[in-house]
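Note that subunit A is present in both complexes that follow, paired respectively with subunit B and with subunit C.
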Partner chain A sequence: MAELIAARDLVVELGAERGLLKRRAGVRAVDGVSLSVAAGETFGVVGESGCGKTTLARTLLGLQRESGGEIRLEGALVSGASPAQARRQRAAVQYVHQDPGAALDPWWRVGATLAEGLRIQGTTDRAEATVRIAEILRAVGLDPALGDRYPHELSGGQQRRIGLARILLLRPKLVILDEPTAGLDLSVQAAVLRLLRDLRDRFGLTYLFISHDLSVVRRVCDQVAVMYLGRIVEQAPTAELFAQPRHPYTRALLAAAPRLGAQASVPGLRGDPPSLRAIPSGCRFHPRCPLADAICAAEEPTKQSVAAGHDVCCHHWRDAA
Partner chain B sequence: MSDMLADSPEAAPSLLSVRDLAVHIRTDGGLARILDGVSFDLPPGGTLGIVGESGCGKSTLLRAILGILPKGARVPQGQVLFQGQDILRAPVRGRIGFIPQDPYLSLNPVFRAGDQLLEGMRRHASGSRDEHRRKLVSLFQAVQLPEPENALDKYPHQFSGGQRQRLLIAAALACDPDLVVADEPTTALDVTTQLEILALLRGLTAERGMGLLFVTHDFGVLSAVCEDVAVLYAGRVADWGPTGNVLADPRHPYTRMLLACHPDRATDLVGIPGTVPAATAQPPGCRFHPRCPIARPVCSQAVPEPLRIFDGSRVACPFHADPLPEVALG
Partner chain C sequence: MRRLLRDPVATLGLLLVLFAVVVAAFAPWLAPYPEDAFESHLLQRLQPPSREFLFGTDYLGRDIFSRVILGTRNALAVAVSVVVASMLIGVPMGLVAGWRDNWVSDVLMRITDIFLAVPQLILALALGQLMSPGLTTAMAALSLTYWPFFTRTVYAETRRLRGALFVDALAGLGASPSRILLLHVLPNAAPAILVRATIGMGFTILTAAILGFLGVGAAPPSPDWGLAVAEARQHLPESWWFATFPGLAILLLVLGFNLLGDGLRDVADPRLRRSRR
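Entry: the complex of A and B
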C-alpha cells in the first residue's frame, strides 16, 4: 500500500518563549516521533493522558507548528510552513473533534455549520451545497431533515455523525479521529464504529485513530503505535501487538485494561506518568519499569526491530517475551 | 414484585434493599417515569454493580439511595431499606459514604484538602478535631497517598487526578460507613491508574466489611469489581444476578444485545436498533419491546415480572430462553 502521510523525527515544543533578554524552554510534547501511515489503513495511537497523542494529531493537521523533523503528505514535503499555509497545503487531512457537541456552534442550525466548510473550500453554489449536504447526511445514516435542527436537539450519537458529515463534505483523504468513542454508550459506540468502517470503504479514507480504549483499538485498527511521554515506544500490526507486546509499558497497559469477564489483575505499574517538565534520564519509562537496570537510567534506547513492521524502544525487550 | 423477593434465601438481612421503587419527576414535557418498580438487594459486605446506558435511571437511583433526589421528584411507590430502615422517610446520616465521578470537580480549589474532609467529619462523626485528623492521616496511608502527613494541608491542585480520587475514597471512608456508593469513580482516570484505584477500593471496603454499590457503564470495570450486577434499562431492572453468570450467559434480550456490542465480544458491530425511550414517553408493557427482535404482542401489554432462573439470577423477560435472531447478535 502507498504511504499517505509520514512523519520523521517530529519534535513539537509547546510553551517556549523567546524574549529579547531571556529564553524560556518549553516542554517537548512530541519528541522524535517517526511514523508512516499507508493509504486505506486505520492507524491507532494509544497512550495515557499527556503522552502527546493530541499534540501529534494537531501537528499532522498543521494547526501546531513542528519545531523539528518533517512531515510528508503523499510524498510531498509539507512541514515547515506557517499554520495558515500548512492548513491550505493539508486540506486532504481533516480532524474529528473529541467532543462533537462542543465542536458545533449552539446558535447555528447544523445545516449551516455543514455549509460553512463547503464555503471555505470554495463551493459557492447554494444548490450544489444543499445537494451535497443531503447526500452526506444520508451517508452517515441521518435524515437530511436533521440539517434544520440545532445541536442541542441531537443525541450524542447524532452529534458524532454530524461531526463526521462535516469533514466528509470536504472530501478528505486522511481523517484524524480523536477519541471517537469517548463518552458513548456501548450500543451507540458499536453503531459508530460500524459507520466508520463503512465510510472508510465507501470513500477510500485513511484513519489516524487516537484512543485510550484498547478494546476498541484492537477491534478497528490495522497498526498500533504506543506513546509514552512524547515518544512512540512500540509499534506493530494490531494482532501482533496484542499477542506479543514487547515493551514493558505496552505490557502494563494491556494488563491494566479491564476486559469483559476478566478478574482484576495485580496492578503492574506504580505511580502516575512523570511530568513533561521533568523527563527522566535514559529511557523515560525506567522509574516505573519492572525490568529497569543501570543501563536504562543512563542510556536512551534506540528503535529495534522485533519482526517485520514491529519496532520497540527498549533495552530489555528480549526479556519481555 | 415483593413476592419475588420474599422467597429469596436471605440468611443475613440485607444491608441495602430496594423494593419496587418508582421515582417520577414532573417536567415541562409531562410526567417522567424515571424509575419504575426497581428491586434489588445488597448483602452486608457485598458488591453490586449497577450498569446501564445513559438515561436508564442510574443517577436517579443513586440519588434516591443517598437521599438527595432533586426538587420535584416524587416517590409514588416503593422503599429503600438501609439496615431495615426506610431511608426515604427517615434519612440516615454518616452511614453511607459517597465517591463521586469526577475528582477534578468534587474538591473546592480554594480550600485545603484537609479542611474540606474535616468539615464532613465534623458534621457526621463523633470525636475531636485532632482525632479526626489522625483518622484521616491513617486513611491517607491506607489509600497510598504520598506524604500522608502533609496531605491535609495541601490544596487540590497539588494532587494528580489519581491522587484526588484516592483523597475522595479516604473522604468516603472517613465516617466508617456501612455502605459505600461509587458513581463511575474511574471514568476520568487513565487505565493504569484506574486498575490501582479499583483494586484499592475493592480491598478497603472488603477488609472493613463495607458494602459497595458501584455504578458504571463499563462492563470491563464491572467484571473487575462486582460480585453481583443489576442491568437497568429505561428505569427498570432487566437482569439481576451474579456478575459472572450475567456476563457469560446474559438472559434479557437487552443485555444479550448490549453485550454483543462490546468490542471484546462482538463478531460484527451492529448496535441496537432504535434509541432509549424518553422518560416522558415510556412505551407500555415491557419498555424494551419496540427495540426487541423477539417481542410478541403480549410484550406491549403486560409489564414483565422478574423471573427467578436456576442460578438465582432474575430476568424481567418471559421469553428469556428464546434464541435471538443471528443478525441481532452480529
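Entry: the complex of A and C
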C-alpha cells in the first residue's frame, strides 16, 4: 500500500512566547513522533487524555505549526508552512471534531454551513453545490431536507453525520476523526462506525482514528499507535497489539478496559500521567511502570522492533512477554 | 422576540420606543401647530396648559405640545447617528483587537482605554469652543466618546467566540480570518452589540439633552428638549409646564430605551438562551 501521510521526528511546542519583554518556554505536547499511514487503512492513535493525540492531529492538519520534524503528504514535503498556507497545501487532509454540534455555527442553517465549505474551496456554482450537498447528505444517511434546519434542531447522531458530510464534500483523502464515538450510546455508536466503514469504501478514504476507547479501536483500526506524554511508545497491527502487547503501558491500558468476569491479573496504572511541564528523566513512563529499574530512570529507550511492523520503546519489552 | 414580550417591563420599554418612533415619523402631522418650531407669538407667551395649548406655551408663545412632538425627531436623529457612528468605529476595532493576541490588539485596546477616560461633557464643551457650538459638534463629541463601549463589547465577544469549536472547524476548512470574523463572529456577537446599542441610545439622548441645556448642543430656535429645559429655567417655578413637559419627554424616552436594553440583555444572555423553536 502506498504511503499517504508520514511524520518524522515531529515536535510540537505549545504556549511558547517570544515577546519583547517575556520569554517563556512552552510544553512539548508532541515530542518526536514518527508515523506512517498507508492509503486506505485506518490508523488508530490511543492514549490517555492530554497525551498529545489531538495536538498531533491538529499538526498533521496544519492548524498547529510544528516546531521540528517534517510531514510528508503523498511523498511531498508539506511541513514548515504557516497555518493558512498549510491548510491550502493540505486540502486533502480534513478533520472531524470531537463535538460535531459545537463545530457548527449556531446561527447558520446546516445547508448553508455545508455550502460554505465548498465556497471556501472555490466551488462557486450554486446549482452544482446544491447537487453535491444533496448527494453527500444521502451518502451519510440523511434526508437532504435537513439542510434547512439549525444545528440545535438536530440530534447528536445527525449532527455527527452533518460533520462528516461537511468534510466529505471537500473530497479529502485523509480524514482525521477525533473521538468519533465519544458521548454516543452503543447503538448509535455502532451505526456511526458502520457508516464510517461504508464511507471509507465508497470514497476511498484513509482514516486517522483518535480514540481512548480500546474496544472501538480494536474493531475498526488496521494499525494502532499508543501515545504516552507526546511520544509513541508502541505501534503494531491491531491484531498483534491486542494479542501481544509489549509495552507495560499498553498492557496496563488493555488491562484497564472493563471486562465482565475478568480477574485483575495485571495491576492497573498507578497515579495520573505526569505534567508535560515536568517530564520524568529517562523513560517517561518509569514512575508508573511495574517493570522499572535503574536503567529506566537514567536512559531513554529507543525504538526496537519486536516483529515486522511492531515497534516498541521499552528497555524491558522482552520481560513483558 | 416572544421571550422579550413575556417580560412586561421590557415590553413597556419597547412600547415607549415604538411610540417615540411613530411620533417622530409623523411629527409635522401630529403637532397641532407645526409652524411653532420657528415662529413666535409674543402675545400668548407663558400660558398655562389649556384645551388650546395642551402643555401650555413657552416664553415666545410657542405651543410646547407641538415642540415636544417636533423635538422627538431631533432626539432620535441624534441618538441614531451617534450610535451608528460609534458602531462604525467601535465594532471593526473590537473584531480586529479580539481576534489575535498581538501588538495590534494591545495598541487598539490602549487607544480605546484612553478614549474611555475622556469625559464626554468636557470634550463636547472643548469641541464647542474650537468649532462652532451646535448639534453637529455635540454629535461628534458624543460619537468620539461612545465608540469605546462598542469596542470593548465586541472585543470580549470576539475573544469568547474565537475559542469556539465552530470557529476552529472553519479554520480547519481553510476559511480566511475575514470570512470567519464577518460572517460568523459578527452575527454571533450581534445580540451583545444590539443590547449595547439600545442602552447607548438612551444614554445619548440624555447626554445630548445635557449638552443642549449647557448651550453646546442644539441652538435656538430648534425644538430641542434639553434646550427647552434650559430656556425654561428662568421662568421657574411660575411657569412649571415650560420645563416639565420637555423634561418628561426626555425621561420617558431614555427610560424606554433602558428598559428595552435590559430586556434584550436578558434574552441575549447565553445562559438563558434556549431553542429558537
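Just so we're on the same page, the second predicted complex is superposed on the first by the 310 of 321 C-alpha atoms of A that agree within 3 Å, B and C clash if a C-alpha of one lies under 4 Å from a C-alpha of the other, contacts with A are read in each partner's own complex, and residues count from 1 in each chain.
Just so it is clear, a contact is a pair of C-beta atoms (placed from the backbone, for glycine too) under 8 Å apart; a residue touches a chain by one contact, two chains touch by 3 or more.
Keep in mind that what you see is a predicted model, and the values were worked out from it rather than measured.
S.K.: In the superposed model built on subunit A, check whether subunit B and subunit C fit or clash.
M.R.: Verdict on subunit A: subunit B and subunit C fit.
S.K.: Let me test your reading of the model: by the given contact rule, A:L253 touches which partner, first (subunit B), second (subunit C), both or neither?
M.R.: first
S.K.: Classify the contacts of A:R219 with the two partner chains as first (subunit B alone), second (subunit C alone), both, or neither.
M.R.: first
S.K.: Applying the document's definition of touch, where does A:R318 land relative to subunit B and subunit C: first, second, both, or neither?
M.R.: Neither subunit B nor subunit C is touched by A:R318.
S.K.: If we overlay the two complexes on their shared chain A, which of subunit B and subunit C does A:Q189 touch? Say first, second, both or neither.
M.R.: After superposition on chain A, A:Q189 lies in contact with subunit B alone.
S.K.: For the combined three-chain view, what is the angle at the C-alpha centre of subunit A formed with the C-alpha centres of subunit B and subunit C, to the nearest 10°?
M.R.: Placing subunit A at the corner, the angle measures out to 80 degrees.
S.K.: What's your read, subunit B or subunit C touching more residues of subunit A?
M.R.: Higher number of touched subunit A residues: B.
S.K.: After the superposition on A, what does A:S155 contact: first (subunit B), second (subunit C), both or neither?
M.R.: In the superposition, A:S155 touches subunit B alone.
S.K.: If we overlay the two complexes on their shared chain A, which of subunit B and subunit C does A:R202 touch? Say first, second, both or neither.
M.R.: Neither partner.
S.K.: Go through the superposed model and pick first if A:E48 touches only subunit B, second if only subunit C, both, or neither.
M.R.: In the superposition, A:E48 contacts subunit B only.
S.K.: Would you sort A:R138 into first (subunit B), second (subunit C), both or neither based on which partner it touches?
M.R.: In the superposition, A:R138 touches no partner, neither subunit B nor subunit C.
S.K.: What does the superposition give for the shortest Cα distance from subunit B to subunit C, in Å?
M.R.: After superposing on chain A, subunit B and subunit C come no closer than 11 Å at C-alpha.
S.K.: Touching residues of subunit C toward subunit A in the complex: what are they?
M.R.: Going by the criterion above, the answer is residues 164-166, 168-176, 179, 183-184, 187-188, 275-277.
S.K.: What part of subunit A is in contact with subunit C in the complex they form?
M.R.: So the residues of subunit A touching subunit C come out as 61, 63, 83-84, 87-88, 91, 94-95, 97, 99, 102-108, 116-117, 120-121, 150, 152-153, 166-167, 170.
S.K.: Please give the residue numbers of subunit A that touch subunit B in the complex, ascending.
M.R.: 48-49, 155-156, 185-191, 193-194, 197, 212-216, 218-219, 252-253, 255-270, 272-273
S.K.: Would you mind writing out the residues of subunit B in touch with subunit A in their complex?
M.R.: 53-54, 160-163, 190-196, 198-199, 202, 217-221, 223-225, 244, 247-248, 257-259, 261-266, 268-272, 275
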